[in-house]
Amino acid sequence: MKTNLTVLYFSGTGHTAKMAEAVHRGAAAVQDVAAALIGLRNEDIVAGRWKNDETLARLDASDAVIFGTPTYMGGPASQFKAFADATSERWFQRAWLNKLAAGFTVSGGPSGDKFNTLVYLFTFAMQHGMVWVGLGETPFNDQGINRLGAYGGAMGQALMEPPEEAPNAADKLTGEMLGKRVAEVAVRWRRGA
Amino acid sequence: MKTNLTVLYFSGTGHTAKMAEAVHRGAAAVQDVAAALIGLRNEDIVAGRWKNDETLARLDASDAVIFGTPTYMGGPASQFKAFADATSERWFQRAWLNKLAAGFTVSGGPSGDKFNTLVYLFTFAMQHGMVWVGLGETPFNDQGINRLGAYGGAMGQALMEPPEEAPNAADKLTGEMLGKRVAEVAVRWRRGA
Amino acid sequence: MKTNLTVLYFSGTGHTAKMAEAVHRGAAAVQDVAAALIGLRNEDIVAGRWKNDETLARLDASDAVIFGTPTYMGGPASQFKAFADATSERWFQRAWLNKLAAGFTVSGGPSGDKFNTLVYLFTFAMQHGMVWVGLGETPFNDQGINRLGAYGGAMGQALMEPPEEAPNAADKLTGEMLGKRVAEVAVRWRRGA
Amino acid sequence: MKTNLTVLYFSGTGHTAKMAEAVHRGAAAVQDVAAALIGLRNEDIVAGRWKNDETLARLDASDAVIFGTPTYMGGPASQFKAFADATSERWFQRAWLNKLAAGFTVSGGPSGDKFNTLVYLFTFAMQHGMVWVGLGETPFNDQGINRLGAYGGAMGQALMEPPEEAPNAADKLTGEMLGKRVAEVAVRWRRGA
């Protein structure tokens, strides 16, 4: 039976979607892994509250979830946060205990307070009792992997450029490495159960 | 001319509203201060985006803003974040540069990841170039002021109790002290201009 | 072959040592786990730099490390940080990649900025490419487990009381649960390799 | 009477010292400001504890303090932390209440977990009841000011280059702007007292 991994993201301008595709690509290439890619939608937020039972069920069935969101005004996009807030019932049931979690984020500046968003994603995963897998890469390579110097997760940079141009190839490769790493950890984690 | 201070909060269950009233009470009691209390509304969030020009204009006219939100799933409520994300135009214009900022939050546990929400509010204020005023109190007093041991802002505790009972009197007094302190700092800050 | 787990801590006043013993007790009780308890010593810090090759070698040989430190002035004790800074060679060699990590901290207030120390321990572990295991408990139980409401790790409270009295029984039980959980995760993680 | 501002920093390799000089230069150029530059020394740390009464007295006499430290292993250098821990008596006396505070940090990566160090400096200042002044700059300028995208304070980047080359001119200009801003805020803050 395959290890189920879901990349769950919000993208407002298409940049984080490109990063999410890269993360998904990296995960899907790992043997014995079934990787899904799910984007959160504005229309699922009504009067400030997000609801989509199908998406929650997909996460229930996942061994690992990689969360992605732009960094807006120093934190996760409110749309991502609306999803997070809507998982409180799962939290109460401890439904996601011992699933693996990881994260990525995109914003305009090299630092750009993206660290804060990764800490939020970590904090969210910890509330659920998930086990957190970071990027695990250093910037010391020729391909630009982790060029921004992130450790808790993957960071991509994009400002006003079209999503075809930013995040750039190095950032997307960084995303791929995150997807690959989380998938490999998930296979090992499942095997040990 | 009076110093303008606004307490801007979201409350989902009424607990943070009680804390906000306490903060407002503390600020309003300071001489030469005009203090407003504004609650964010779910209905101002349409398809994930918050919009209320009147509220933004009120903040534009404020010398100091005290932000308040529950801590949901380890961070600010998505409804508060929707407001924060909607201030990006003000950010670009540097419209709130050198205003004073402060914050408070409410959640069920004594720690309860509330620190993370205060760091978010700080990070948000820093993006705007605001100057941050913390609580400035220690827990060493007989009235329960700052009983939870918070420094970056005020913390209140409330779980399932009715809002009339929680946050308790000590937490509300802590909120009052925050309001008082920010108002006094704002008067001094305005006088020095 | 047994799974090796080390509880590595600094204690200035004896309170964090009591918490560390509890964490160690919880880990040592798990089948197939060999748990060690190592306290950092002031005398290993000379002119601001920590050095103890034996301790580093013990960590090299561990499958999981649980880090503990008091929260002093809003962050980890400088003595713990001196140890952390001295691991930069291990960081460069990626020597601790894929080891498990977890953390606990003790300070006087219920919140007391302890969250910030746990985020530091997480950030440190992420730099090393370790996989982070949180507390995984809610406060909803009759024994006081996680009474302070922490998720990223375990929190204990102690001010001026003798170490025999604080952290209290509930906090120490919380520490035991952290030790138990990390040990169980480590056994599974090793089995999957 | 002049407004007293102190730049208090630790530098292990000389890079943070260069940044500190830039911050000091920016502050010293502001009218009516007397700016001091103090580096923390390894030899003041004996058996893990920092002690230098003269430095503490200089901070007691300052209206504003700008703290600087490298980011080592995801947080402030242990030597800086040793200083911070040694201020607990000042904390107890509330000796630094209402002084202004700000911060800067240097590390190898563009992000490089520097955000976490700024949050630590903020948390430390909040424990003391200080008022926090951020950088207040955006990256939208031709001179490279705030090229890394930091808001809570100033960030500089330096890896293995000689301190004469890194942090680069843009980062040092960013440091100057921080010094200038904090000094101007301090003059206004003092005038309003």
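In this document, chain identifiers A, B, C and D correspond to the written order of the chains, with residue numbering beginning at 1 in each.
As a convention for this text, contacts are C-beta pairs under 8 Å (C-beta built on N, C-alpha and C of every residue); 3 or more make two chains touch, one makes a residue touch a chain.
Only a predicted model underlies this, so the values are computations on that prediction, with no experimental measurement involved.
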Inset, instruction - Look at the interfaces A-C and A-D and say which one is made up of more C-beta pairs in contact. - result: A-C
Legend entry - Centroid comparison with subunit B (C-alpha atoms), farthest chain: C
Inset, instruction - Could you please state the distance in Å, as a whole number, between where the Cα atoms of subunit A are centred and where those of subunit C are centred? - result: 27
Legend entry - subunit A and subunit D: spacing of chain centres that average the CA atoms, whole Å: 33
Legend entry - Set of subunit B residues in contact with two or more other chains: 74, 113, 116, 119, 123, 126-127, 151
Inset, instruction - Using the touch definition up top, name the residues of subunit B that touch subunit C in the complex. - result: 74, 107-116, 119, 139, 146-151, 155
Inset, instruction - Write out the stretch or stretches of subunit D touching subunit B in their complex. - result: 92, 94, 97-98, 119, 122-123, 125-127, 129-138, 151-152, 185, 187-193
Inset, instruction - Could you pull out which subunit B residues touch subunit A in their complex? - result: 42-43, 45, 47-50, 72-79, 81-82, 84-85, 87-88, 91, 113, 116, 119-120, 123-124, 126-127
